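One structure is given below, encoded as structure tokens.
Letters A, B, C and D name the chains as they come in the text, with residue numbers starting at 1 for each one.
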Amino acid sequence: METFTQLYNGPYSWLLYVTVMAVGGAIMFVWAAGMAVIWTYGERRIAAFIQSRLGPNRVGPWGILQPIADGIKLLAKEDVRTKVAAKLLYNMAPLLVFIGAFMPFAALPFSERWVVVNMDIGLYYILAFEAVEVIGILMAGFAPGSKWSLYGGMRLAAQMLSYEVPLGLCVMVVIILAGSLNLASIVEWQSHNAWGFKEPWILGWTIFRSPAAFLAFIMFYIGGLASTKRAPFDLPEAESELVAGYHTEYSGMRFAFFFMAEYASMYLICGLAAVIFLGGWYGPIPQPAVPEGVSLVRRWSEFVAAAGGFGSLGGWVWGSLNAWADPLNLRILAHEAIGAFNMVLKAFSLYFIMIWARWTLPRIRIDQVMHLCLKVLLPFSLLCVILALVQVAVF
Amino acid sequence: MTPAEIHSRLKEKFPSAVGEWQEPKAGDPCILLEPQELHEVCLFLKSEPGLEFDYLKLITGVDRGDKLSSVYHLYSYKHQHALVLRADVERAEPKLPSVADIWPAADWLERECFDMLGIVYQGHPDLRRILLPLDWEGYPLRKDYKQPQSYHGIKNE
Amino acid sequence: MNSTLEQPESLRTEELLVNMGPQHPSTHGVLRLLIQTDGELVRQAWPHIGFLHRCFEKIAESVTYRQVVPYTDRLDYLASMNNALAYCLAVEKLAGFEVPERASYLRIIAAELNRIASHLVFFGCYGLDMGAFTPFLYGFRERELILSILEKLSGGRLLYHYPRIGGVARDIDPQIAAEIQNFIKEMRRVWPEYNRLLSENAIFIKRTANVGVITKEAAVAYGLTGPCLRGSGVAYDLRRAHPYSLYERFDFEIPIGQGLKGTLGDCWDRYWVRLLEMLESLKIIEQALAGLPEGQITAKVPPVIKLPEGEVYVGCENPRGELGFYIISDGKPQALRIKVRAPSFSNLSITNAIVRDVLVADVVAIIGSIDIVLGEIDR
Amino acid sequence: MANKQSPLRQYFKDLWNGIITTWQGMTLTGWYLFKPKVTMRYPEEKPVIPPSHRGLHIYEENKCALCLGCVAACPVDCISIEALGKGKNRLILKFDIDYSKCLFCNLCCEACRPACLHLGPDYDLSSTTREGCVLHLARVKTEEEIEAHKKMLAAREAERKAKAEAYQKELEKEAEKEKDK
């Protein structure tokens, strides 16, 4: 286990640490916000194609600039606030929701080395921050003083909190099987020794390792749909019942925050499912092998140190150039890039299915949502946990 | 049963309330009723075996100049026959017994007649305006109705 | 619970009065529903109507009989053909005009096409009410075919003004007939897809079956007609019970609710009756096209229509139920009174009786299944 | 119906139904994902307007007999006509249709005996002002034209009057002659 502080023990270690963290954070922020940009366009296009129409095709070639136009529109929109709104809560709610959706990205990896913080309790951290969103949305439901918002908020609180339980139990199955809360080690576990193979390719994925995990994956996905408020569980913002649910009274950028948060947390659920059930960056495209325990940043810093250290410009430039020319570095880069591609491919496939389902299925009623959670998902996920325990104990 | 047969049967039962049979020159025949006994007649029509008018199609208020009339279109699913009743009331005091307790369908239909012509159906559970705003003045479908010049500051033209 | 625990005074629960509409996504226009809710439970709902009142009946007293026809198009704007047909039949009955057979056949073709179009809108909107967006677009995709056929036939896409007093406005040509045949084929192909997508969907059934049950007795008592009545199991269709405009010549069935997925008279039954009716309408159109007689398309009608003194009521089976026109004439070129029996008006009046102790989502399901058009409720 | 089965069986049946019908729906929408689309890119591709379409009016001024049949037939009084003279000697100064009122019902065109008014294929009707909704279908006449027409009318009127007077005089003369006799 390595952290960035151990990377370089020179006088500039803190600088390196801060820089790397800031760059990583910025990349993840852009990625999280980019989800809304990519997938509003994607969703509208997919929805249109499903519905035998063309979808956005005006702004830019094939309409790909549509999300940017939407963003500008939202920025330019008047910020309307109801008279009776509780100001502090009203203003805070979108931010809190966005924070709740964005923070977990810190622990969500692209690939083995491309992760902002590789936490030992990554899984726990992600699930915990998912729950922060609930508070924000409850505030959003309560603050504007609109009855429809209140309904949306209350529905969401009931729905998200109850679905946390089966969601957690499904994750528990993976934890039991893999024996770790660390996302990297869960993927590591998936890439070795399954069904008698040393390199099992996709057979090593959690869902293929145990029937319990397969079932848990499906239930995790359904629970994920519910906790990201996606159809058929989009009751908190059911437009035909509650107008727009908890964000009825929000406009402009405040609404955009909710919007981005929704799309970001969808990626979160899909990404998490991809990591813990579908092998993360491992497979289907095989990665070139690299030795254990090497790190791009460390190797780069070694190259810089060899070329004159961080104190001199020559060290920076020559070191970086030498690092680029090094075959092992390129190999690691390819390894990471292919891993990231695998990861994003899986997450986006799951994302696509979410959208596909949304444009197919009718909405479930609130009591049926609870029925599904408490009477279907909960017992079955408990069953999965027991099965997983038996599997671990016996085999 | 034809309307004429129904009329004779009604006449037998309610000699004072039911008007004389008139063969129409064109269109549908219509049975004239005394407004006071309208409720009893309707109850009879609904419950009497052989008649059983269970479906109230329509209640129409008509301004005939000197009198306002309320016209009832009835139908029986069982016997597949229809009937038109008409009760005329004085313009000055347009009061009629409500039939909303016999046919729940009459609830809204009577409210509409009240709204448009000002016929008051006594015994109606909730006689309010239905199409127009509650504070509207006058009854628009009366022939002597004058269009207001403005409504809450919204000018006409 | 411990009875000694006192509730603090500041803590209290109350029932919420919520305005659903007039601007609400699922009130199909400008219906305002005042709902009294206890949490997610709706205790009662009071419909408030009149936001779209256009004084049709007052206007009809001041224009000539011929000029009323375009106004009738605007009553139930999803089924203009059927409205105008009902009105023309009423005038013709009182005046004693003989409509040529060809005109009657053309009217039936147009009216049945319009019925399918109207039911397609219902299908789509009901899917939308239930949260499924795609059926809406699929329904409108097929409706578009009908609209383009009717546009070729009558010149309008929504408000046709096609049936006229004494006949119809335009004759059909072979190209339109071929297009109608194509449409029938296409409709028969996509109809099972609708079921695959929505009717048989488990979520949809869960949402609609056993919800908003209207018993036979209640349906009759509140004067419900059309699919709402047939959904409750009463096999009453004016086209069969009192055939008008040569409907007696056609062979078709009257689908009624059977409680297939839940209770008799629930939302799913009403929905299913409408879907089956589309197939029956296709049958009628096929037969009408096959047996279309030659001849005139309009009767000899004087330039100024004066009806004899008297009154007439003619009811027609509209997509939404019995649309009746009650015309009282005093011999002048204008009517003394034209009263519309709007099917949606009576159908909606049952709302308060069936929306009791249901969930908010069910209110949407129930209102949607009644399939109201505010244009004819408010007139 | 549902009561006949045991709750457990019903539970699993519901579950199974849910999975199967969801699968059915998803395959259908998935299939349509790759099918050709039905909508068109409107301003680039325009729909074919059938000849029967009832759009904006087409008015043939030279054919108009000024019979005012259209005005009488219109249910909403959206046509307003102003003209100098009558019959053959008319000069139509104004033929306005208020499209904020027009129903596109075709009654005016049917009432038009010389068949000079039609509903054409133009469907682009938008306007941002009330005034913009009123279309002036008659050719705009110049001042001179109006003056000339007025003069012409006056001349004709004078001619007619002169003729009438002459006729009257003749009548009187004849009457006098008869008296004389």
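Here, a residue touches a chain if its C-beta (ideal position, glycine included) is under 8 Å from a C-beta of that chain, and two chains touch if they have at least 3 such contacts.
The model shown is predicted, which means the values in this text are computed figures rather than measured ones.
Visitor: Return the chain pair with more inter-chain C-beta contacts, choosing between B-C and C-D.
Guide: More contacting C-beta pairs are found at B-C.
Visitor: Distance-wise, how many Å sit between the C-alpha centres of chain B and chain C, to the nearest whole number?
Guide: 25
Visitor: If you average the CA atoms of chain B and of chain D, how far apart do the two points sit, in angstrom?
Guide: Each chain reduced to its C-alpha mean, chain B and chain D end up 40 Å apart.
Visitor: Could you tell me the distance, in whole angstrom, between the mean C-alpha positions of chain A and chain B?
Guide: 66
Visitor: Using mean CA coordinates as chain centres, what's the gap between chain C and chain D in Å?
Guide: Inter-chain centre distance comes to 29 Å.
Visitor: Would you give the residues of chain D that are in contact with at least 2 other chains, written as numbers and ranges?
Guide: 22, 25, 28-29, 38
Visitor: Any chance you could list the residues of chain B touching two or more other chains?
Guide: There are none in chain B.
Visitor: Specify, in ascending order, the residues of chain A that touch 2 or more different other chains.
Guide: 50-53, 359-361
Visitor: Draw the chains as points, connect those that touch, then say whether the picture is a line, ring, star, complete or other.
Guide: Chain contacts: none of line, ring, star or complete; other.
Visitor: What are all the touching pairs of chains?
Guide: A-C, A-D, B-C, C-D
Visitor: Give every residue of chain A touching chain C within the complex, in rising order.
Guide: 47, 50-53, 147-148, 151, 154-155, 231-232, 234-235, 238-243, 359-368
Visitor: For a test of understanding, state which residues of chain C touch chain B in their complex under the given definition.
Guide: Listed in rising order, the residues of chain C that touch chain B are 49-50, 53, 55, 57-58, 61, 93-96, 218, 220-223, 234, 236, 241-242, 307-313, 315, 322, 324, 326-329, 336-337, 339, 341, 345-346, 348-350, 353, 378-379.
Visitor: Show me the residue ranges of chain D that touch chain A in the complex, using the header's touch definition.
Guide: 11, 15, 22, 25-26, 28-30, 32-35, 37-39, 41
Visitor: Which of the residues in chain B come into contact with chain C in the complex?
Guide: So the residues of chain B touching chain C come out as 24-28, 30, 54-58, 60, 62-64, 71, 73, 77, 80, 84, 103-105, 107-109, 112, 116, 129-133, 140-141.
Visitor: Residue numbers of chain C touching chain A in their complex, please.
Guide: 16, 18, 24-26, 39-40, 127-134, 137-138, 141, 197-198, 201, 203-204, 206-207, 359-362, 364
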